[in-house]
Every structure is written in C-alpha cells, then in structure tokens.
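Once you've had a glance at the structure underneath, I'll fire off some questions.
Every chain is named by a letter (A, B and C) in the order it is written, and numbering of its residues begins at 1.
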Amino acid sequence: MLKQVEGSHAVAEAIALCRPEVICAYPITPQTHIVEGVGELVKSGALQNCEFINVESEFAALSVAIGASAAGARAYTATASQGLLFMAEAVYNAAGLGLPIVMTLGNRAIGAPINIWNDHSDAMSMRDAGWMQLFAENNQEAVDLHIIAFRLAEELSMPVMVCVDGFILTHAFERVDIPEQAQVDAFLPPYDPVQVLDPDNPASIGAMVGPEAFTEVRFLAHYKQRQALRLIPALSDDFAKIFGRASGGLLRAYRTEDAETIVVAMGSVVGTIKDVVDELRDEGQKIGVVTLVSYRPFPVEALRDILKTAKHVVVIEKSVSVGLGGPLADNTDGALRNLDNRPLLHSAIAGLGGRPITRASLKRLFHDAVHAPWEGPFFLDLNERVVGREIHRVRKVRRSGATAENILRQLALASHLPQE
Amino acid sequence: MDDSTLAQQQQKLKYYQKGTFTVGNRLVSDAERSVQASAERSNALTSGHRACQGCGEALGARYAIDAAMRATGNDLIAVNATGCLEVFTTPYPETSWQLPWLHSLFGNAAAVATGVAAAQRVKGKATRVIAQGGDGGTTDIGFQCLSGMFERNDDVLYICYDNEGYMNTGVQRSSATPPAARTATTPALGPEPGNVFGTGKFVPKIAVAHGIPYVATATVADLRDLEAKVIKAMGIRGARYIQINVPCPLGWGAPSYDTIKLARLAVECGLYPIFEAEHGRITQSRKIRRRIPVRDYLILQKRYAHLFRNGVDDPRVARLQAICDAHIEDYGLLGDDEA
Amino acid sequence: MDHDFAITLDVGTSLANHTGAWRTFRPEYVHRLPPCNAACPAGEDIQGWLSFAEAGDYEAAWRALTKNNPLPAVMGRVCYHPCETACNRAQIDAAVGVNAVERFLGDMAIAKGWAFEPPAQKSGKKVLVVGAGPAGLSAAYHLAVLGHDVNIREAGPAPGGMMRFGIPKYRLPRDVLDAEVARIAALGVRIDYNSKVSDLQATIKEGGFDAAFLAVGAHIAKRAYIPAGEATKILDAVQVLASMEGAEQPLLGRRVVVYGGGNTALDVARTAKRLGAEEAIIVYRRTREKMPAHDFELEEALEEGVMMKWLSTIKHVDAGAITVEKMKLDETGFPQPTGEFETLEADSVVLALGQDVDLSLLDGVPGLEFADGLVKVGPDMMTGATGIFAGGDMAPSERTVTVAVGHGKKAARHIDAFLRGAAYAPPPKHELAGFEHLNAWYYGEAPQTLRPTLEIARRSSTFEEVVQGLDESNALYEARRCLSCGNCFECDNCYGVCPDNAVIKLGAGQGFRFNYDFCKGCGVCEAECPCGAIAMAPEEI
C-alpha cells in the first residue's frame, strides 16, 4: 500500500510485518521514531505475540536480543552512533554466537565532538564484528531491506544490520509502498533456529574456545558471509517475484555500461550522485555510479566486474578511518587489487557529521578526479581556512584548547556573529 | 500427659540423630531430604570441570541449579556471566553443564536472561530462567543490567556466587571484596595493606531497595537453607535475587578442605548476614548458632595474614568486628537457635 | 544435537576429563573405634547396635548387642557405663544414655520373648564352667553359640552370682535376671545348682571336659580387726545381702552402721533402710571425693535418707554403740588419726570392706600362679594350667559385672580356638574416633533424657526398682543422640559437599564409594564428615 510516511514510521511498519517476537531498544536520535513506532504497535495490540522490552541501555538491548534469539525468538533492536558503541561488546558476541538478530542502525556520527547528524562512522566502527551490513538508498529500500534482512539472517544464522541514514532517511517523508502482510509472510517463513536453548535438547552455547579451534570458528563465520554473496542476490530475485519490485541485492549499477568514471557510494547520497551523473551524462561525460547495498559481506567480485573497465573510480563515503582515509575506498581498492589495467582510485570523504553534499561539490569532485587527481583522501568541502588557522594556532600555543570549540569560534568570527 | 510434655515429646520425635545441617538423613523420608541427598539429583554441573580443588563456587552452583531443576521439573535454562564458573565448566571441547546453558558476556547475564525469559513468554513455554555470575559480574560490571532486570521485574532468578573478588582473572578486588582483604590489586603493602574500608556495596540490600518479589542471601555452609531459598524463589514470578557466599581457596588463601568451614564461620561471626526479603522488606534472618569473634574467621585465610603479623592484631580487626556487630544488630542475627 | 562448531557443546561432555589425576591426597572411607566401644569392658559395639535402634529396628539392635553381651537387661541396670563416661557427645551437651537404651532393648527382648539363634553345628567338645555369675554365664553363652557343649557347675541354689546375692533387688529385679539366664540355658547350656566344685582336676576328669573356665567370684568378706564387746552384732555385707535372697531376712536393728566406702556399703545401707532401720549411717575413712562408690549411687542413697560419716574410723564396738575416731587427710590424701573420738548409737555394724577369692578348689592343680589372692591369667585368659581359663572377680581386674561379662566372652573365644588347636587373633583395633575427628557442627542440640526414678516414699519402704526404664519414644530419641563416632551413618554429607560429584551413593544401607576418576582430593568431604568416617591418605605418585 502506497503511503506518504516518515521513514522511521515506514521502517516500524515493516518490522511489524516481519512478526518479530522480542523487541528491545534504548532511545537515541535518530533511531527513536522507529522504536517508538514499533512500541506503539505492540502496545496497541496491532502487533501481537511480541514482547517489547524497555531496557536500560543499548548494551542491555542487544543482550536481551541475544537471549531471546538464542531461545528461539525472532529478535529485533535498533540504535545509532554512541548507542552502537555502547553495545559494541554484544555486537561482536551476537555474531560470534551466530544469532540471527536484525538491527536498524540510524546512521549518525560518533563523538566527540558529540554530533547527532548523519554519517557512516557508526556502521564502519562495527564493520569487522561479523554482522552483515546492508545500506538503504531510500526509504522504500529501508523498508524492503528489513524484510530481506530477517530472511537472510535466519537462513545463515548470522545477524544483519540495516543501515538507514539518520534524518536524511529516518525523518524524511516520502512515498513508500508498505507491503501486505500476506506478501511478507510468503517471503519470510517463521524463524526456525539452527540451535536453541531447549530443556528437551540441552546444549552449552558460548563455550570458551582456545587456539586449537578459534581459527576454524572464525573461518566458518567468514565462510557464512561468503555464502551470503550468493544468497543476497537470490533473495533479491525472490523478493522481486513476491513484491513486484527490485530491491536489495549486493550492489546496483547506474549508467555504468560504457562509463570511464564510476562513482562508488552507499546510502542516501547515491540519490544526489545519480542526479549529478544524469547531468554529466547530458553533458556527454561517460560517468556512472555503483550503489553498494551490501557492505558486509563485501562483494569483491561483483564490484570488480563493474569497475574493471573504468578509467577512474571515485569512492565517496561518509566516514573516515583517521590516519588512513576512507575505509570504503580502501575496501574498493582491495577489490581492484589484482587487476592488470586497474582504474585510478580517487577517495573522497564527504558529509561527515551531517554536512550537506551538494551537487555542485560533487560535480567539481568528479571533474577534478579526472583532471586534477589527488593523492590520499580528499575531504569534500573542507573549510581550509579554518583548518589552516587552527593548525597554525596549535603549533604556537601549548595549551591550545579543544579543537572543536576553536573551530566553532573561528566560524563564528568568520560569519561576524557575536562571540560567546 | 500435659501440653508441655506433649510438645516436648513431639519435639523429640522430630529429632533425627542430626540437626538439619547434614545433607541427608537416612532416618527421614526421601521427601524430607535435601535435593543433594538424592541419588537422582540432576548434577546439573557434573564432574570433570576444571575448578580448583575445593572450589566453593562449583559447589554452590550445583547446589543452586540442582534445587532449581527439582523445583521446575528440569524445565530450566541458565545464562552465565563470564568468570570462573563459566571458564571452568565450558572450555572447548567439554562442558560440565547438563541443562541448556548460554554464556554471552561478563556484564550482561541479567539482560540476556531477560531475553530468554521473554522468548519463553512469547512462545507460550513454561520454561524458567536463571542468570548466574560471580560477584564481579554482578556487583560491578553487570550491575546496570541487573538493576534494569530488577526494575522491570523480569521473570528471572539471578544468582550471584560471591567469592569476594575477580578470581578468574587472578584474584583482583571487586566491590564485594571485604575491607582489609589482600587481593592482587589491593596488595598487603604500605601503611594500610589490603582493601580499603570503603562504604561497602552489599547488592542484596540494593536488590531489596528495588522492591523485587524475592531477595535472599545464602551460603554453601547451609545447604538446606540454600535449597529452600532457591526452591522458594522458583515458586515466585518476577525478578528474584539470591547471593551465595562461596569461599575460594585460591583467592582467599585457605586450604581446600576449609571451604565449607569458612562459609560457616563467615555467618557465625556476623560478617555475612543471611536473610530473606520480599517486596522490599526483610522478612527473616538466619540466626547465628554459635557466635565467634571475626578474628577466628579471618585468621584462617592468608588474604588477612597481614592483620596478624608479629603476633599482634592489627587495629583493623576491631573495625571488622564492628562491622560484624553492626550486622548482628541490623539483621537481628542473634536469637533462638535454629537447630 | 546439530549445532555450531566449538562454541556449542554437548552436555555432560566433561566426564571425559578425569580430574582425579590432580589428586595428591585421596579420601578413604574408614571405620574408627567409637570411644564408647573402646571403653565398654564387655566389648560391645555400642555405636553399631545404636544405629539399628536409631532406625527403630529394635530387634536388630538387640541382636547386634547380644553378639557381645547376653545380659542387656541386667547390664542396662547395673553397669557403671564407662561408655557414657567416654562418650564424645558429652563434649557437646551430655553423653548418650547408652545404658538406658540397652536396658530398653533388654526389657523389650524379654517382653517379646526374643531368643538366641542356636549354633548351626555342634563341635562335640565339652567345656566346664565353674560358677554361674556373669563371667560364667557369659562364657557359657559364647561357647554354646560357638557350638560347644557347656556345663555350668554352680555352688549356690540359683544363678547370677553377685548379681543375685550381692546387688539388691531394687536395682536389679530378679525376674529380669532369671529371664536372661533362662535364655542362655535355652541354648542348651546345662546348669547344675548346689554343685560346688571342690576338686577341679577330679571334676574335669570325671566329666570328660576338654577345657574349663573358672568364674567363682570373690565371696569371702574381708575383715578388719575391731575390738568389740561380747554382745556386739558385727556382720559382713556380702552375708547380709546374700541373706536377703533367703527366707529369713537379716535382723539389723533400728540403728545400723555400715563401715566402708564402696558401692557395697551403699547397697547395704539402702537395704537396711528398706528393712525398716530408722538410721543407716555409713562410716568412711576419707571424704566424698575419695569414695570409690559411684556418685550417682551415693546421691540415690542420700535421697533415701542414708547418712554419711566422713573422715571416721571405727575404734571400738560395744553393745548399742560404737566409738569412732575422727581422721584428717594428710598431704598425700591419706587419712591420719586425730585423737578425737565420738560415740554413735548402733544396734549392728556391717563391714563392707571388700571380698577375697576362695581358691580351695584349685588345690593341686599344677601350673597355676597366684598373685594377691587372685589367679593369674594370660592375655588369652588362660591360667598357668593348660586348658584351664579363668575370669571375673577371681582374676586381676576391675570387679564389675561388665568386666566379668567381657572376660567370659574373651575366654570363650580363646577356648574355642584352643579346642580347635588354634590361636584366636582378635581383629586389629581401629584408630580411636576421638572428638577431634568429628565435625560437631552437624549435630543438633539434644539434651539427654533422664530416666525416671521411683518416688522417695516408695523407695524407703519397698524393694521396687528405683530407676525406671525409658519408653519407646524416649529410647528412640536417646539412640538418635548418638553421633555415630567413627562410622558412616549415611548423612549424605560427603555425597553433598563434594564440589566434583566424586562421591557415589550406593543406596540405603550401602554407604558410598569415591569416584577416583574425578576426586581432586580437596578434602572437603573429610572435613565435613560429621562422624570422622573419612580419612585422607597421601597419594602414591
């Protein structure tokens, strides 16, 4: 059913359609509206047979989900940013235990400085935790990916994180097609766990494993994600059959057929990039974009197949691995690693802490990539004056104070606003 | 026969050679014996585990879980925090547990158990859930999850095996380590050797403050009491908390054979009050049977050796005695013999 | 179960890990000797028979008891119960009332008519027993049970020896004695009364006996020289008490003085009271503390109005009065005369100064040795003459019924071996189960049951039994006060307290077994065994 709804609300409805049995969450912007939404559905009775548990922290939220899932219940939670870090230990643990929990991540920057706006630092912080990570381009996809996520998680017995850009998607009102319950039921069978805490069939789950078997345990987890590389496209096809639209998959190519420059990006920014691609195509430039849906598992082969004929690859990402650069760029680089005539790779960090990514900036970026390529990561729209001054100041004074505040002060000066 | 002699007679008939302190008694019916006395006890924690010789925690866990197994007709799941109990029972490829058991993390046992219990509810199952952990996993790192579980009144019995320190990591101080005790992080050095005389953190009382349906302390030295409390707890729905004093020969610096003796003396000197509370009120305390000075308890343990150097008692022995005296008063630990 | 590799494990798999290898000490179930058993002169397995009584199986208890002592109803009345003095429970509250339970069992056996099992096989050997006192009866019983033909020759008209002709009725009713003797006779023991043996060798020869056990007791009263007037009535205690069994009761008069400080003196004084004496005064050289008589007997006598004259010796006896000299204890505790005299009115004086043995029947027996008027015996109770054994009061030892019964048993075992041409080797004695071996924590508080006693009014006028028995609930309670020192009583403690589940419960009555595959040797079981039935032994590595 087509609806003009807020992204969070659409996701909440999608979750409810997946018939979760235990939901637990702790509030954090920008995830709040999602859990409030499902909470409402449980409280009102619209969502039956579901325990909604108000926990005292994200650590507890995921821990409750771990317990519920190990006991055979379909479990769901949602968080963002600081919340994800607060549950970090449990994030790894859920994956290690092979529990098919689905978690929504309303992507948000990580402090300090504290910042509630969108970027992908949070998702990136947990990229090695063993979870599968799917990124939604728009709210329709956010809805669809959650339905796919449950099936994917449960088929492989491995948790899935659905990343939805905070505010940009979570708080945006868009037209979304909310599926029918019957469709979801047809796509997503009831949870049939591979192992469960059961007095009739007892086992000890969560043993201590030493050097003699730890490598094998890790290999098997990796092997599962490799299987997902085949399963994710298959589920996408299946989804299309039942729901009548394409969604999910490992990645999607847009106008890349003969492209000499191919942009790689994840999440909502792809919409803007597509507009720029269209514009540039109209201008006659051979440019396209790849939307990466599945960041973990990372679709090395599929990505390489698309990128291998390009001359330039521009990776735009909303996170920075401080001291290295862009993690997505790094991973993309890895995908191109063994090509004979590999394209040049241009890494751009953009949209940190919610900074808007404008078409103009993107256009400039794509131009420069071909005509004035740079080394290392390029910070899109970096205020170089501010940065330069701060670097200078810090060099001069030992007690230079907090960088973030100094920058704010400088920005205020620059815009002639009264100080303090 | 007048009433008083009749009562006396009945009293005598109830006397079965031993008090109720032994594990079993061949003279009473099976139903009146402890769970541990039964050849059919579940041995939920079975042999071959790697706990130290004389480990009080291994013993306490079997006591408690076997009792809960009996109370639930073996329809039970246990969630375990990281710590000795977890490590010595489940090193790959062997486990000593015989019931469904889940270990997630050090600090989240209470929350994981909440999840397990929620799953039972939603699945319409009657299976009951226990969470268990050491004092570190309970009073320190797991405290937030524990408090949350209490406050929501989730249907979980949380059992804390209190050996008064982080034993698994090599005997460091926890918030349950008693004052003056030597641990690896409170060495017997300097002008005030051993642990500080802090303000104390006695989680059972904090549990009582949550107003949860049931809170109790127990000890491996009094099996009947322990079992009765576990069985009672399993008859109640909602959040429940039992803290069991389990001496650790390694961490306390005591001979392995003194495990139960130490647990007994900890109660008899008043340092470890044994009580029960329901819905925020203390309802009962276990009376001291043969009171001893705290010194008699401390002197058996190397962790307190620095208090007795050069044949002179450190003044802090008196401070510990004062703590015992306060417990005795606060919890009403003196009274009729419980024999 | 099909599950994740390594991180999920099948339940109970740790049984593959045999932690027994860690052990440096191994626990072992042991039997230690209960102090009561060690102290019992009759060698009763008190702890053993109490354990049946605890469970309410009184017949089994009685049968276990009578393995060592055929006279429980008698013993339950007259034994001075050194077992209770030794009892570990005394260190908790008060000793177990072993003697009272013994009497309860003995009385129940009489009431129920329980009989001894006759021997399965006869040996064809004949043994002569001289004297039907406790020593003789005990030996006869054990020999008969061992299949030998026993003939008791008794000088007197009835069995029991001093149990009948010494101990007064109010302490040992004769029907009780008769019943227990009859039960021994029912085993086929022939008792010939009024058959004094005066020439032992001749008797053995003519009877064709293969061995003999002598138990003639000590019946000749010791006299002290006391200057006395003509009309004075001086009697001896044994004679007075023996005459109580005859048709004629002794005439002692209104005021009776008894001289001596032993139990016999008390028995005579109490008897005199019952015979109607207004005054019965015991004159004794030393103080109450030094008195050989048992305190409880003195108490009973005092309750009944017997009076005591401490630190006094009789200097002179005249008609109707005696003169006593006051004594003073010197530094060594020996009484010394003070030169102060006093006169007491007395119609008769009874001397209770001990007895000597009449050894005339042994004249001409070669090889016998004597010391202090007693027959010397070896550790096997055999005298210097081959095949002739002796025990009871006539042999050097403490003079009690219980010792006599013990001698009888011991002699019987050695005679049995002797008849088979073998030597009897008693089983090695276990280590004593001293209090330090117990973990007394586990025993609940339970004070001793006092045996009810007859009211004073009836005690001074009749020969009814003074001390009454326990009823069943009391006896059961009392039996259950036993700590079962040194012997497993299936309290399940070891089974419960083992952190490694290394104790296997074998089922009711079967006890336990250690599972050395898993026992780490921590010693908790040993420390927490209430009764000291576990010992830790170093592991041979």
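The rule is simple: contacts are C-beta pairs under 8 Å (C-beta built on N, C-alpha and C of every residue); 3 or more make two chains touch, one makes a residue touch a chain.
Bear in mind the structure is a predicted one, so any value in this text is a computation, not a measurement.
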{"item": "Result of counting contacting C-beta pairs for A-C and A-B, higher pair", "value": "A-B"}
{"item": "Chain with minimal offset from the mean of all protein Cα atoms", "value": "B"}
{"item": "Whole-Å gap between the CA centroids of chain B and chain C", "value": "49"}
{"item": "Gap in Å, rounded to a whole number, between the CA centres of chain B and chain A", "value": "45"}
{"item": "Centre-of-Cα separation between chain C and chain A, whole angstrom", "value": "92"}
{"item": "Shared-contact residues (touching 2 or more other chains) in chain B", "value": "89-90, 92-93, 95, 97-99"}
{"item": "Residue numbers of chain C (touch at least two other chains)", "value": "6-7, 9-11"}
{"item": "Chain A: positions in contact with at least two other chains", "value": "97, 201-207, 209, 213"}
{"item": "Chain C residues within the chain B interface of the complex", "value": "6-7, 9-19, 22, 54-55, 441-446, 449, 473-474, 476-477, 480-482, 484, 489-493, 495-502, 505, 507-509, 515, 517-518, 520-524, 526-528, 530, 536"}
{"item": "In the complex with chain C, residue positions of chain A that touch it", "value": "96-98, 157, 194-195, 201-207, 209, 213-214, 216-217, 220"}
{"item": "Interface residues, chain C side, partner chain A - complex", "value": "1-11"}
{"item": "Interfacial residue positions of chain B with respect to chain A in the complex", "value": "74-77, 79-80, 86-87, 89-93, 95, 97-105, 107-108, 111-123, 127, 144-145, 147-148, 151-152, 154"}
{"item": "Chain A to chain B touching residues, read off their complex", "value": "21-22, 24, 49-51, 53-57, 59-61, 63-73, 75, 89-90, 93, 97, 197-199, 201-210, 212-213"}
